[in-house]
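There are two complexes below, and they share chain A, which is joined by chain B in the first and by chain C in the second.
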Partner chain A sequence: MTTLSPVRPEGERPMGFADRLLSLPFVQRSDALRSFILGAWLGWQIESNWADPLLFAVYSFARPIASVMILVVMYSVITDGATQQPIFAYIYLGNALYIIVGGVLGGISWAVIDDREHYRTAKQLYTSPLVGYAYLCGRGAARLLIGAISTIIVTVFGVLLFGIPITIGSIDLPFLIASIMLGLTSLSGLGLIIGAISFQLGRNAWQAGELISGALYLFTGALFPLDILPPVLREIGLIFPATYWLEAMRRALLGTNMIGFPTFAALDNTAIAFILLIMSVGLWVSAAFVYRWSMRQAREKGVIDLETNY
Partner chain B sequence: MSSTPLAIETHDVRRIYKIRGGKRKGEAKTLIALDGVSLEVPRGELFGLLGPNGAGKTTLIKILATLLLPSSGTAKVDGLDVTTQTQEVRRRISMVSGGETSGFGLLTVEENLWMFARFYGLDNKTIKSRLAEMMQMVGIYDRRSTKISDLSTGLRQKMNFIRGFISDPSVVFLDEPTLGLDVTAARDVRGFVKDWMAQNPDRTLLLTTHYMAEADELCDRLAIIDRGKTLICDTPENLKRRLQSETIFHLKIQPLRKPTSPENVVEAVPGVRSVTIADQTDFSELRLSLQGEEALPAVLSHLSGRGSGLLSLEKREPTLEDVFIQLVGRRLDEDTNLNGTGEER
Partner chain C sequence: MTAFKTTSPPAAKATGATLFWRTMWARAYPRIVGSLIRERSWLFFETVLPLAATVSYVFVYQAVGAPEEYVGFVVLGGAMTAFWLNILWAMASQLYWDKEGGNLEIYVLSPGPLMAILLGMAVGGFVMTVTRAAIILIVCSLAFSVTYTISSVPLLIAIFVLTMIALYGMGMMFAAVFLASGREAWHLANLLQEPIYLASGFYFPVRALGFWVAAASSLIPLTLGMDGMRQLLFAGDATLGFLSVEVEAIILLILSVFFLAAARFMLTKLEEIGRREGRLIERRR
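Coming up: the complex of A and B.
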């Protein structure tokens, strides 16, 4: 996965798999598909480019587990060890899944600033026929992959150690697949909007995606059911797709073990999926407009290849 | 293609930059970087842009390469409007800036070039053969598996240079391609450019440079631009021929003590058209443009009258540099940016 020496041995071509995908005739003809695959390939090279594989493992696995452990400890102290309560599984899963939210939102907008300010390759990229939004989604996909691995590890950890009640029988597979797809579509739409706006901003936008996902963390039901919040603040969560996605994923994984928390008790699975679908469409349509607008603005102001000087 | 459209065509292109951080608050400062540039470059031409710092060369290239919108006027590449037909233009062009040492440092040379070739939709076989050939031509083939972050700046520049040609673009923009390269590397780059142009008569290349000799050697035609305006556009031969009526001398003299500028002093001598001077540590270099040789003795006696001895004297054929000085009124290495506005990058 990572190379320690700067020189790769002859014959070892890390682009092998991507190369095969890119050689498919329909991929070769589509600017967007090529851009997505190359973005993902490049993103993976960047994300997994740790000089020390141990550090990579710590960052990707140990850190998320540690942060969930903090929650577990806090929860246990407050509730006197009541990890059998349904609220425990609710919080635990919410946090495991939120790693993905941060990954998708952050990955896309990070790539914009990373290319421009760190690698200083924006000029090279945006004079080639790459399709910007597809490329950025690809970069986000690499981050997503690492986030997803963390989420899976943290979840398995929770099932084995804390008895989070996920079993073969509790998983609603069709709903799980639908939730994952709808969640990723809506979140990437939002990520693209943040990424597109980042083109207008300087280096300060470096963490825009992380900041936004961090700021919304409290309002999405990752940490506690929305009902605890005053009604005004609750609304913030209700316009954010992650809120519905977390709910959908919990239901899909926990099945009947998921005791309906009052927030969405009135909505059945189909209704939740439908809301996510509407949000996906709305966000992608908006993203298309915002992206076009932002690229035009950037060309007008001459900031596509902006490098912030300090 | 029968009715060949021009490879590059600009019509009255203007570009105005808004300058941030004006002295007083609320004051919107602007800078006119291009002030009505019209150019026509037919297919197959190697076209040069010459101009002092801040003349607007990079701005024009960025507009043609779709990074920047013109404030007014139209610009077309291969008959396509750069403002509206962006994606189509990008398929056909490439742009490389000299001194461009950036890149995805964690990728190897080969991976980076492979990725860009793939953005253009090239297939594996083409990429492999083209890459190997081009890397050999500029001499980085044996470094193909080295990570970019471990390359010297010159080698990175060579890699970026190849990136500009890997997609077999129909129009290439090179912004000071030999900037910062050593003599041999610069010669490799110029050789590459010439070979590439010779291989296919439909290829077009626009380059900017600060080296007169480079422009003279490479360009079929060139435009001299200053303060956002094109002053002239012709073949290097025709440009030099304009100066046939002039006689040009290069003088080395002992430094002048200056109460007044030596240029003014010499310019007052009858028969002297223009003078530029470059002060070195222990002598001054004078470039004299005279109406005829008969004006020389007066200049020499003038100089010795001012206590400055002659060290050497040379009569010269007019060069592009002389053309430039005649048109722009100063040497290429003197700055346009008198208004002291923002730096590029």
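Coming up: the complex of A and C.
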């Protein structure tokens, strides 16, 4: 069986921290781990190192800040700047956290199109002993990291400028850690499913992940309480992990400062964590099946290295 | 020796305006036929999903008890996002993408003018974009019972047409800028997405940002275009407008001329520099 070589040919550029990870004995024994680390390293290089550092920094800060400022202006135009109201913290924090949702959901599908149509490396990737599934997770992890940095910046920005009531006392640390782990796991599962399906789509679906995450704005209560939605749409929202994750994160960060709404009134923190756990398992199992099915379909249709050039 | 038979005589050599026209349609063709007809997944990705994103902003206004006309503002802004995204990702980034994909060298080697190729991209992309915008506008207007009180249809058409000319002219100019920026083109495109939604007032009247910010944002044709269209579509709310519609139309006309001329100049310059430095077919910076 062909495996990924643990030794890099002489003369290649060092990969810094990634090199240290790749040299760990248990990593060297696992093709999946090596594929994941290489995918994450490559994703980070594409996102950051290939750009001018100043441009990368501005882009990482400006886009999320602008996104949240749209809501701040919309809210302020109507309420005459009443940012001390609990609903403002609800909307603001939901939008800040949603940056991560967008990164995770869109990151993997973007990586598929990027490799295939932009850098044209799909042939090389999928004819190598790479573990494709783990590699894509790695590419998604790089986007997740950038999304997490942006979320932290936007949240701090909100606390400092708009008085979002997050304090040391308001944070429920154990629930926050559990929410982050379970939420990210379930969202990654969904991101993998979208990414896997992207193997069969043309370039006009290059924004599939981003568009899906944009659409989920509507159903997940990111920008407004689910109670505002008509009952049918509200029920749709309850099938997505992002809905529960956003509720969990708001509770964990805002504590008693959070405004409550009837939709989640019956669910305590443990119940929400349990739902996220069930969704994580379900989505990861589904993602494994969808990935295998989609890869097979893409190979059969001959679109694994599709270049659309519209 | 076997001679190959051709079913039709070769087309007459095209020059001047005929060459421009043919080149434009040749570039528009894959976008209209390839993307619209052969790859139908766009129907879902380009209509249903953006629709949901627009609706969510409507609910934000409803959550904070905004007056009804703001729903109309969001619907129009949501529809116009289609044009901005088309400019960023299918115009501005396209030449860079074509360079990476190996098409740019074919464009440059062919007798077809680059401006015609860019115009072809615009025409091809415009078809899908108009569909997306129309679906958002129609579905959201019906779903949220948006009432339009059009004060002047000719002026509304004029503002829309001028906005599109200026916007696509800007897209052509950006194509040259992005091509010169290499791998950073993606970051530039990303950078110009949400920040422009904010600065141009896609989801709220731009005058809420204050005079100077709105004035600076007016360099983006959609800022004045949307402001003018909102004033004309919601006739009762002229007080929410930034400038008078007539003034906005004149500025848009000036912007149209400026961006088209700038695009032509920059493309010529970029091609000249690219040829001299041998960077036109270089895949990595």
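By our rule, the second predicted complex is superposed on the first by the 291 of 310 C-alpha atoms of A that agree within 3 Å, B and C clash if a C-alpha of one lies under 4 Å from a C-alpha of the other, contacts with A are read in each partner's own complex, and residues count from 1 in each chain.
In the analysis below, a contact is a pair of C-beta atoms (placed from the backbone, for glycine too) under 8 Å apart; a residue touches a chain by one contact, two chains touch by 3 or more.
Quick caveat, the model's predicted, so the values are computed rather than measured.
Student: Is A:292 touching anything from chain B or chain C once the two structures are fitted on A? First, second, both or neither.
Tutor: After superposition on chain A, A:292 lies in contact with neither partner.
Student: Of the partners chain B and chain C, which touch A:22 in the superposed model: first, second, both, neither?
Tutor: first
Student: Please name the chain, chain B or chain C, that touches the greater number of residues in chain A.
Tutor: With both complexes superposed on chain A, more residues of chain A are touched by C.
Student: In the overlaid three-chain picture, which partner chain does A:127 touch, first (chain B) or second (chain C), both, or neither?
Tutor: In the superposed model, A:127 contacts chain B only, not chain C.
Student: Does the superposition put A:224 against chain B (first), chain C (second), both, or neither?
Tutor: second
Student: With the two structures laid over each other on chain A, which partner does A:70 touch: chain B (first), chain C (second), both, or neither?
Tutor: second
Student: Would you check which partner chain A:307 touches, where first means chain B only, second means chain C only, and both and neither mean what they say?
Tutor: A:307 sits against chain B and chain C alike.
Student: Once chain A of both complexes is superposed, is A:52 in touch with chain B (first), chain C (second), both, or neither?
Tutor: Only chain C; A:52 stays clear of chain B.
Student: Chain A residues touched by both chain B and chain C?
Tutor: Correct list for chain A: 119-120, 307, 309.
Student: In the complex of these two chains, what residues of chain B are touching chain A?
Tutor: Listed in rising order, the residues of chain B that touch chain A are 17-18, 62, 65-69, 87, 90-91, 93-95, 97, 100, 102-108, 111, 114-116, 118-121, 123-124, 145-147, 149-150, 160, 163, 167, 345.
Student: Quick check on the complex: what are the chain A residues that touch chain C?
Tutor: Where chain A meets chain C, its residues are 50-52, 55-56, 58-59, 62-64, 66-67, 69-71, 73-79, 87, 91, 117-120, 201-202, 204-208, 211-212, 214-219, 222-225, 228-229, 307-310.
Student: Along chain C, where are the residues that touch chain A in the complex?
Tutor: 30-31, 34-35, 39, 41-42, 45-46, 48-53, 55-57, 59-67, 70, 85, 89-90, 97-98, 100-101, 103, 124, 183-184, 187-188, 190-191, 193-195, 197-199, 202-205, 208-209
Student: Taking the touch rule as given, give the residues of chain A at its contact with chain B in the complex, in rising order.
Tutor: These residues of chain A touch chain B: 6-10, 14-15, 19, 22-23, 28-29, 31, 34-35, 38, 41-42, 45-46, 49, 119-121, 123-131, 296, 299-302, 304-305, 307, 309.
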